[in-house]
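As structure tokens, the structure follows; a few thoughts come after it.
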Amino acid sequence: MEFANLDFDRKNRTGFPEVIFCQGKMDDFLVDIYQKMYERDGCVFGTRATEHQYEIVKAVLPTATYDKVSRILKAKKPDYKEQELIGNVAVLTAGTADIPVAEEAAQTIEYFGSRATRVFDVGVSGIHRLLENVDTLNEANCVVAVAGMEGALASVVGGLVKAPVIAVPTSVGYGANMGGISALLTMINSCANGISVVNIDNGYGAGYIATQINRLAVH
Amino acid sequence: MEFANLDFDRKNRTGFPEVIFCQGKMDDFLVDIYQKMYERDGCVFGTRATEHQYEIVKAVLPTATYDKVSRILKAKKPDYKEQELIGNVAVLTAGTADIPVAEEAAQTIEYFGSRATRVFDVGVSGIHRLLENVDTLNEANCVVAVAGMEGALASVVGGLVKAPVIAVPTSVGYGANMGGISALLTMINSCANGISVVNIDNGYGAGYIATQINRLAVH
Amino acid sequence: MEFANLDFDRKNRTGFPEVIFCQGKMDDFLVDIYQKMYERDGCVFGTRATEHQYEIVKAVLPTATYDKVSRILKAKKPDYKEQELIGNVAVLTAGTADIPVAEEAAQTIEYFGSRATRVFDVGVSGIHRLLENVDTLNEANCVVAVAGMEGALASVVGGLVKAPVIAVPTSVGYGANMGGISALLTMINSCANGISVVNIDNGYGAGYIATQINRLAVH
Amino acid sequence: MEFANLDFDRKNRTGFPEVIFCQGKMDDFLVDIYQKMYERDGCVFGTRATEHQYEIVKAVLPTATYDKVSRILKAKKPDYKEQELIGNVAVLTAGTADIPVAEEAAQTIEYFGSRATRVFDVGVSGIHRLLENVDTLNEANCVVAVAGMEGALASVVGGLVKAPVIAVPTSVGYGANMGGISALLTMINSCANGISVVNIDNGYGAGYIATQINRLAVH
Amino acid sequence: MEFANLDFDRKNRTGFPEVIFCQGKMDDFLVDIYQKMYERDGCVFGTRATEHQYEIVKAVLPTATYDKVSRILKAKKPDYKEQELIGNVAVLTAGTADIPVAEEAAQTIEYFGSRATRVFDVGVSGIHRLLENVDTLNEANCVVAVAGMEGALASVVGGLVKAPVIAVPTSVGYGANMGGISALLTMINSCANGISVVNIDNGYGAGYIATQINRLAVH
Amino acid sequence: MEFANLDFDRKNRTGFPEVIFCQGKMDDFLVDIYQKMYERDGCVFGTRATEHQYEIVKAVLPTATYDKVSRILKAKKPDYKEQELIGNVAVLTAGTADIPVAEEAAQTIEYFGSRATRVFDVGVSGIHRLLENVDTLNEANCVVAVAGMEGALASVVGGLVKAPVIAVPTSVGYGANMGGISALLTMINSCANGISVVNIDNGYGAGYIATQINRLAVH
Amino acid sequence: MEFANLDFDRKNRTGFPEVIFCQGKMDDFLVDIYQKMYERDGCVFGTRATEHQYEIVKAVLPTATYDKVSRILKAKKPDYKEQELIGNVAVLTAGTADIPVAEEAAQTIEYFGSRATRVFDVGVSGIHRLLENVDTLNEANCVVAVAGMEGALASVVGGLVKAPVIAVPTSVGYGANMGGISALLTMINSCANGISVVNIDNGYGAGYIATQINRLAVH
Amino acid sequence: MEFANLDFDRKNRTGFPEVIFCQGKMDDFLVDIYQKMYERDGCVFGTRATEHQYEIVKAVLPTATYDKVSRILKAKKPDYKEQELIGNVAVLTAGTADIPVAEEAAQTIEYFGSRATRVFDVGVSGIHRLLENVDTLNEANCVVAVAGMEGALASVVGGLVKAPVIAVPTSVGYGANMGGISALLTMINSCANGISVVNIDNGYGAGYIATQINRLAVH
């Protein structure tokens, strides 16, 4: 870990612990970070992990667990005490293919100590599915709307709720979706108010912001 | 008119008369076309006309009329007999700024002999406005959905009706709308079925196709 | 299938049964959907399936069949009675490499109960091949024009027929075709009338709309 | 106002009054909306107005005022009582050319009843200017970061504060800034957490979201 | 003319005289170049000239002539003897709006001493117009195909003739034509052989290459 | 071969035999075409072939040969008589990585009966290498300039020779080369005259046009 | 000047005085800055100024001078003593239309105290013009290469000199030059070494860096 | 090595030896170049090498060494004498994932005889990490700033140091980073002065220029 310049002060400055972005990390390096953070903090939370990465981390930290859908790789000491969940963030998806990104968001929210309410597969091509959930949405302090293809979900939700909407475009789709750029543009150009946007497939980022907002609402 | 190679056979081949795309036509040339077609057909229909073009055409064809909103410039002989309107095409807009494109579509539909039902300002940021009109939409043989900004209207409509939806992206918006490219991408990537797309601001083209479909439904 | 929010009302609302977009679906999830829909409807129709997906579905539904060209994976009960085909939709391709997308369109049209007439490999670089088929095209209520590379086929067809043309750009080509974006732009900017466009390689979507139009013409 | 489908229920549903996007509105139409809303609500707030629009509105509503920098056009009855401002939102700009967008945001925040703290011209090319304001930033419940050119401000701020950051790319710049697309991409790809993004030059949208968040924090 | 580094050797090296690209040249500078080249060569040929530029050049060189359509500004001494025209280049346009670019090409070809045969307004939406001219095309040593919107003309021509085709995309169109980029992509991706492409609206460049080819065929 | 609509008249119409674009062709289909054309014409020429395709063709046509560099797969009867080569086309590359595309061009030229003179690795970063070959270039009737990365070679060559230059951008490079789009744009915007451009990596297309021009010069 | 947060420490930190980017600055604001900096420093240097801005500054600072070509607006006290010029930077242009950007660079270099050697109109379509200047280029510590259209100049220069080359793409050109993006991509993808790139038309930025490098070479 | 046109004069002309860009080179060809240059120069330096390439080179040149991080493949004779390192170039990265590109830069700098000071993982989301290193940066004659994602590092560094900054965008990131295009645009549009940019992931190119500048400063 000679190169990494870990930001030990991050938690004080921002109120959030360090999280590992596993994608592309070299094996030795990843295992080393997991071990160091496990010792220091008692719990390590990594996103975009592969099954291979799970195996190499598990080899040294046998308590490690891996969720195939969200691709989150977690390791915590047996005596590590999780926070009680506060408030409420609604996490929506347009389709089932958007669920991996939504789960990354929801589990991030939970890891950071907020409650996540999942409302999946409520895309606009069958608008009644969304309308049936309006009351659920209006109970949340923040809504995370995850959608690929044309990404229209965010605009419809924005017009239905009082809470701020964090829109997450996904790379789900094909052809002119251009790897999610199309959904991103839809969300950025939304005719509805109260919508702001994060990077394509960035469930973690959306979960982070939703937590910030939920904490403000609760505290 | 020495350069123009008018397609006199078009009506027989396609079932539609020639229409003038006025934008960018040189003055002398435009007046000449209007006069020749007025003599031959008794009625001339031009799109994307300016007020200046209206004035120069009116100078030689005093019956000419101009609609500022749709920018349609029409000249017909006093004894020209319009067709009776058949069937029904619904023309929707997301916002009021999309109305000029929608009017180009609706008046094209009417010029080609079909009935147009206007349902304007029913964008998805206030979804109840659209839902209140579902019955009206379901009475149409074809729906033209006109929307700028993020263009989400088409997807929601596509999930609500049985009829085919012709989606028209508009250049309404700013910033990352990129002159309508964003709304075009939204519509092309729609998660709903039954949606096909024409060029940005192409109300005329949408009206043409809607007429083709409406005629098939009526005949 | 805990996450999937199946749209059971879809057939009543839109007149079309649910179709499975197989691409990217997880194994367990796919098998589960196929089984549930097989029980409920007696027939399941999926697009963009892989050979692997065929095998896992066949393991539980031995009547399943798979077409390598169109990549359609179908399972129907022995006593399931297919509809009689009505009307006529012409499905064209520019080249032989566009046939997989065209077959997805044609088989979708047939699955939804309309007749499809295939006219393949009639691209504009040998225009006589297309011209020899004009009578065939004019017998159809709708034309689906499938083309990659520069996608010029749609424009030429649009000028030759009375019926509406659904243009399908394909990702066939290389270099500046940008995965089909170039053909999409060609079709969207067509100088011919009566052309509307669906997403790149979206044979299914084109088949769906063509069926809507064909039904309107027949009923 | 025959075409406009005003969303009278909006305030109940979303907690915010209707705001007029003046850009591109036809004269008669704009004056009509201002008059109707003035009567109904006692106060009208419009963004992206021109000086010409100010003059025609002032002609019928003499209390109308116009701010050249933010381009906000306001009309309120003499007896209209503004809300007391609550909480605190910090509004930052990278340069002086970004101030019009920032003022649109700040005045929107104030119109919606929240307090705005302006911290202008603290771009990253002289990072000490930003660092001197860290305490001010940390007193806010939400930070709006407005920046054109390369838009790096948002990332640096994101790493310095606990509050969520709403990033607003502006079209300030030239050449490869592509009208703000470059700054938008910078902000969407930010390496810092807690950043979400709105459309280019969308000060109003940022102000709206910041108000939502600030209200959650105060209530 | 202190800055300009005129390429006096060009004619020997390339076989073509210098031509002035008038667009954006400062007044004094333009007049100076015209005068110097008029003295030296007896004839000056400039493209993309404005009416204003015509007037200032005419003030010093009264024999100057200007063609509004092609925007070519020519000045030649009364005793300047033009070459006899050799060979044959066909210059086609898809629509009438493409004629200015085609005339720039045709007049360039003539200025460089080759014969140009104009075949205008033969776009693919009325394919019979092009087919009626196949014999004319096959008499040419080179074909210049000028087309905006979707630019499909080049592909159809490429499949009909033996001669090489120089394709010129134009900026004619709107919406997703992106100032001609769409037509350029169409031509670059052409499924037909024997097509090469020059810049958008570059009639001069096409005329130059067509002349090179025509000369090779004649000599 | 039920789907393929072979263009048997092509040779009469265009003067060139059919050539097989092997990329993406299904095995059975490819073997079938090779066999049919072998019988009919005595020689088959295919581009973009893989080693696997070579093996399956060789299994049925043992005279088949494959060139790894150009990826050309050829099969000719032992008694097939090749044409004598006429004229001269220079084929240049900027770097060694561009050679596969240049060989596709050169071998196409030779297959079509013209002489190709190879001048490889003369990119502009060592301009003396190109200048040493100016005499060779000036002996050619046409120059094919193949270059990736920034593609500047075409512009420099265009200013040095009398013959027309066919520019071939390649996908050689990385990062902002965007798969060859950057080199394509360079060549399309060339400040030099006499340059026209084909698709990225389209050595075959360049060879075809160069042959057309060379034939015109010789005959 | 209440909003502007002038960076008084800049000179100490970076070694360069503040320079005014005049484009888009409001009148009062601009005059105010010029006056304040004139008083403080004795000399003010502004880029991208209009003639109107020159007039309003001259009204309060009569010594102000304006160069139409470079658009630089300078005001210095009669007793202000300019530095003696050191070292040598070569400033090249491809064409005459690139001279305004080159002059912005050259005059910036001179204002910052370095010597600039201008070598204009040496574009690659007449490569001998550049080769004749190789000795001049090799006397410079840094070369600024300014080019629009395809921007190939930078690559050729990079292969000819030992000094680092700062490449400046310009917006000169039309069609697919996309406002200079094409030249920018050319320069970024250069096959030559020793080239780095600044924003489109950014003569000032190039002059700044060239000065940094020249100072390092001299000191 | 029949095709390669090695530039033997390069060292005299530019002051730098030839370096091998290994990516995509065919095996035989690569081994041949390594052998020839090893014999001639005593040392060969190649970038973007794979482990496979290392193995085949090592088989013939057993002294070959390979660095997995930078992917540099070096072979030098036992008696080859490296130059003493001069001056100082600082090489920065925003994150740990940018280190491979930075190492390519740093080792290139060292190979060319300059000293490189590594300052890694100092991205702007934890700005204190960068600020702690300002003194180190100010000791360098040139700074190489390597950053992916949004690439904001370059702008902040540009405002902190006197030395010129060579900015290297990397392809690190996902979604809207578009393979590094986003970071490239950020750096090109930087609001800070003294920044010029090389291609995405072009550590070698940055190292080359930094060496040029460092040599000028030392000599």
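Which chain is which? They are A, B, C, D, E, F, G and H, in the order written, and residues in each are numbered from 1.
The rule we apply is simple: a contact is a pair of C-beta atoms (placed from the backbone, for glycine too) under 8 Å apart; a residue touches a chain by one contact, two chains touch by 3 or more.
Keep in mind the model is a prediction, meaning the values are calculated, not measured.
The minimum number of touch steps linking chain B to chain F comes to 2.
Between chain C and chain G the centroid-to-centroid distance comes to 57 Å (mean Cα coordinates, whole Å).
Look at where the CA atoms of chain C average out and do the same for chain D: the two points lie 46 Å apart. Centres computed as Cα averages put chain F at a distance of 35 Å from chain H. Chain B and chain C have Cα centroids separated by 27 Å. In chain C, the positions touching at least two other chains are 125-126, 159-160, 175-178, 181, 184, 188-190, 193, 199.
Taken pair by pair, the chains that touch are A-B, A-C, A-D, A-H, B-C, B-D, B-E, C-E, C-F, D-G, D-H, E-F, E-G, F-G, F-H, G-H.
Partner chain B is touched in their complex by these residues of chain D: 3-5, 7, 9-10, 23-25, 29, 169, 171, 179-181, 184, 199-202. On the chain C side of its complex with chain B, the touching residues are 13-16, 141, 159-164, 166, 184, 188-190, 193-199, 205-206, 208-209, 212-213, 216-217, 219. Chain contact summary for the complex, chain B toward chain A: residues 94-95, 123-127, 131, 149-152, 155-156, 158-160, 173, 175-178, 181-183, 185-193.
Of all the residues in chain B, the ones that touch chain D in their complex are 96-97, 99, 120-122, 125-126, 128-129, 172, 174-178.
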